[in-house]
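One chain, chain A, appears in both complexes that follow, with chain B as partner in the first and chain C in the second.
Moving on to the complex of A and B:
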């Protein structure tokens, strides 16, 4: 009986710890959610009950904020980044996974090492280069920078998925009469599809949330959503309600993507189990 | 329809020699089994025939064409893999149809040919399923159907039965044999299971350390092993290998005094090979020698008697109704027709 009682206590402790962890993570988000629907007076009070308003979501798209333009920039930059990153990363990952390349390990480590370089360190050279070739404050410039950021990540992630495809399957396809390209198209791509989708969504999230480079390399035309948040500063202080509304607009696609990713991530993990 | 010819085939990875200058001719429509323990180079040999591995040296001929530089797809072979190598994202129908589709077979022909192949391996009711929904034996059948759906010059099978459970393996073995006699296509079959080799093969090539030790019909390698390795590898229970010497035409065990007539010149060190079946078990006093039973095992279909003969233990097969106890004395007699002598230093057979 003592053992059982002890187990109950342990379960309760476990539950409490989980709840605390969830609370720590969710409270800021909950605050944002509430603030976004408050008017500019309520927002400075920690009220749980208030009359919700959608007004903020309208205001942020109006002058002088023009959030629509930033939303467009963010969408284009993140989307084009993914469109280029995934095919290129897939080709690189396939080569790393299936061929013995000279200097393979070194290349892989170097690719990974680029991730360790703090962005602040290389942002100045980027700024100078972009200024000289006229890429400053352009979407193309941002896309290039984002590609540099997500590619190493995408290559490693997709390589993991391709490694999980049994070599037998590919060899069977080759003996069955496929060329290498047919093997990739008919066998590898469909089997790695959940992985590619997962990697694509991760890249989208990274590009969508990218802040530092966008802050330095853009000032008007190519400003993205995260930078746009900084606009909600007025002489009377920070406009918390508008800031929150914009925050929700930034977060919403991420929530949707997270839901999709969850489904495919599991599928991607179990795919290799088929023998 | 074609023969497969290997000429001085060698495969090396750095210093490691997987296949060492092997030559082999597989005749048209022959079922040849490459048999050996793991790491003996049998799979590597097959993968070189398939074109999945490039030979370091030597030539591979399929029919009248040297295929060394041909891609796997251009060699016109079909291969069955140990792990089946099915396409998990396709239905069984599409799996079987893949070799036809990728080779541009007209779509009107595909359907009947897939159905026919599926019928031959009894898979017709599963064509809409995915590989995931099939059992191991059924998956292996899909792999077989995919191989037989077109008529390749050569079938290559890489341990196709070793992932199946023991009972299924026996059933599939018979099906495979039936199918191979029906199709009459040149086949190279890799296995480490000597029973598969014995039952399926027209000829068996026993390999060790990248070298073919003996090439012959199952009867030949069983009844006339070329060396110690083949003798010890083929047969279950394994052939008894007894150390001793020959003195005046008699075999004397090391440290023992028991004698068995074998004939031949005197030799200081020999290994006598005798199969369990070739040792006749009788009551004490009625055989060549009397020995105590170390262990008595009843397998149901026969009895296995491990006896202590001098310093060595020897397995004899007894009648299924024989009943003995441990430490009982029995007489054993060696069938003089089927005794094999080997040189322990070289492992080669001594023929008298």
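Moving on to the complex of A and C:
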């Protein structure tokens, strides 16, 4: 009896701890959500109950903030980055997965290592080069450097997916006289498609949230959403209600995308070190 | 086409991209680190002065040592706290069931949040006049009322650490839940049958088997902690003074604000060195399975 009693108490303690963890986790997010629907007077009071307004979501798109322009930049930059990265990464991943290449391990380690290079190291020479050839404050410039952070993830993640596709269908097709490229197009790509989509979404999130490159390379035309957050300042301080509304516009689409690919998030981030 | 040619052709575009976007800038940064490298003076990017930038950082720049110190403490604290708390949460959530699985799903959210936004959110919460933290803790612990968190050097640093830990616990928890799932259940049961207490089972059975995953987590988190920039920039911008200036922030400031790109590159390369060791350690774990 005592044992069971003890177990019940332990269970209750565990549940309480989990609830506290959820609370701590959600409060900063909830705080932003609430502020986004407050008018600028309510923000300065800690009201939990207030008359919600959608006004902030309109204001952020108006002058002088023009969040729509940043939204478009972010979407184009993240999307084009993914469109370039995924096919290139898929080709490489297939080769790494199916063949033995000279220097394969070295290549894979170098690709992995580039992910760990601090972004600030990469951006210094790019700033100088872009200044000289006129790519500063352009979306093209931003897309180019974004490839640096996205490629290693994409290659490793897609390689993991292709590793999981059984060889026999491919071999059977080869025996039937298909060429290697036909096999890739007709068998591997359809089977790997969900994996490619997952990797694409993963890379999109990373490119969307990218901050340091955009901070250094853009100042007006190509400014992305995270950098746009800095706009919501007035002489009297931060415009928290607008900042929060912009914050929701940044994070909500990523929440949806992250939930779609949640099963592969860990594998993607750890590059296969943990499956 | 023969497979022997094809396999290299398939890899080629990826290698070109990785070389152009990561290897070249690394090498070019190294070159810049030996130059005068002033953004405002054309030609100074080709004016070499040997190791002078490095010597300058080591001997004449207290701000450099400050950022090394800040980054070190920051890394130790965030890695330690995040790992321990995430392990605790992972142990709580690992048993599964509908409720716990639901919570696991929620864990994705903070991680999908841009670090810059996490910085903004914490700056908001720690606002002394109308921040949430002040309202809650000011009432619970009166001495904390109206404390200007982001004005005090130590407290501002603590807030930065908190924001980082908050942002990373969910991801580390998910990794560790995966790790716990791969610990064979029968070894745990055997120990329980032998009458070992819950703590003994955890310390002597679970923990040793979890060690490789734990190592991966610690290395990965160390790398990301060392690089920290986004949320610091949005939360304190290195301040007050230089109290929260990490190495990345110091490099950014010297390179971009002061235009001393040669000097910034030398500090950046000093930062690459610990990364090489960490990457090497990490790669060992990745290839262990193959």
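What to note about this one:
Quick note on the criterion: the second predicted complex is superposed on the first by the 261 of 275 C-alpha atoms of A that agree within 3 Å, B and C clash if a C-alpha of one lies under 4 Å from a C-alpha of the other, contacts with A are read in each partner's own complex, and residues count from 1 in each chain.
We take it that a contact is a pair of C-beta atoms (placed from the backbone, for glycine too) under 8 Å apart; a residue touches a chain by one contact, two chains touch by 3 or more.
Here the structure is a predicted model, which is why all the values come from computation and not from measurement.
Aligning the two structures on chain A places chain B and chain C side by side, free of any clash. Once chain A of one complex is fitted onto chain A of the other, the partner contacts of A:226 are limited to chain C, with no touch recorded for chain B. Once chain A of one complex is fitted onto chain A of the other, the partner contacts of A:240 are limited to chain C, with no touch recorded for chain B. Within the superposed three-chain model, A:191 lies in touch with chain B and out of touch with chain C [touch as defined at top].
Applying the stated contact rule after C-alpha superposition, one finds that A:110 touches chain C and leaves chain B untouched. By the document's definition of touching, of the two partners only chain B reaches A:168; chain C does not. In the superposition on chain A, contact is made by A:45 with chain C only, not with chain B.
More residues of chain A lie in touch with C than with the remaining chain of the pair chain B and chain C. Shared-chain residue A:178: touches chain B; no touch with chain C.
Looking at the shared chain after the overlay, A:76 reaches neither chain B nor chain C.
The overlay of the two complexes leaves chain B and chain C separated by a minimum Cα distance of 9 Å. When the two complexes are laid over each other on chain A, chain A has residues 179, 271, 274-275 in contact with both chain B and chain C.
Residues of chain A touching chain C in their complex: 14, 17-18, 21-22, 24-29, 31-32, 35, 43-46, 85, 88-89, 91-92, 94-96, 98-99, 101, 105, 107, 109-114, 116-128, 144-145, 147-148, 151-152, 155, 179-181, 205, 208-209, 211-212, 215-216, 226, 229, 238, 240, 243-244, 247, 250-251, 254-255, 257-259, 262, 265-266, 269-275. Note for the complex: chain A touches chain B at residues 166, 168-169, 171-179, 182, 186-187, 190-191, 271, 274-275. The touching residues of chain C, when paired with chain A in their complex, are 1, 3, 6-8, 10-11, 13-15, 17-18, 21-26, 28-29, 32, 39, 45, 88-89, 92-93, 99-100, 103, 105-118, 120-125, 129-130, 132, 135, 166, 169-171, 174-175, 178-179, 213, 216-217, 220, 223, 226-227, 229-230, 233-234, 247-248, 251-252, 255-256, 261, 264-265, 268-269, 271-272, 275-276, 278-279, 282-283, 285-287, 289. Of all residues in chain B, those touching chain A in their complex are 50-52, 71-73, 75, 77-79, 81-89, 98-99, 102-103, 131-132, 143, 146, 156.
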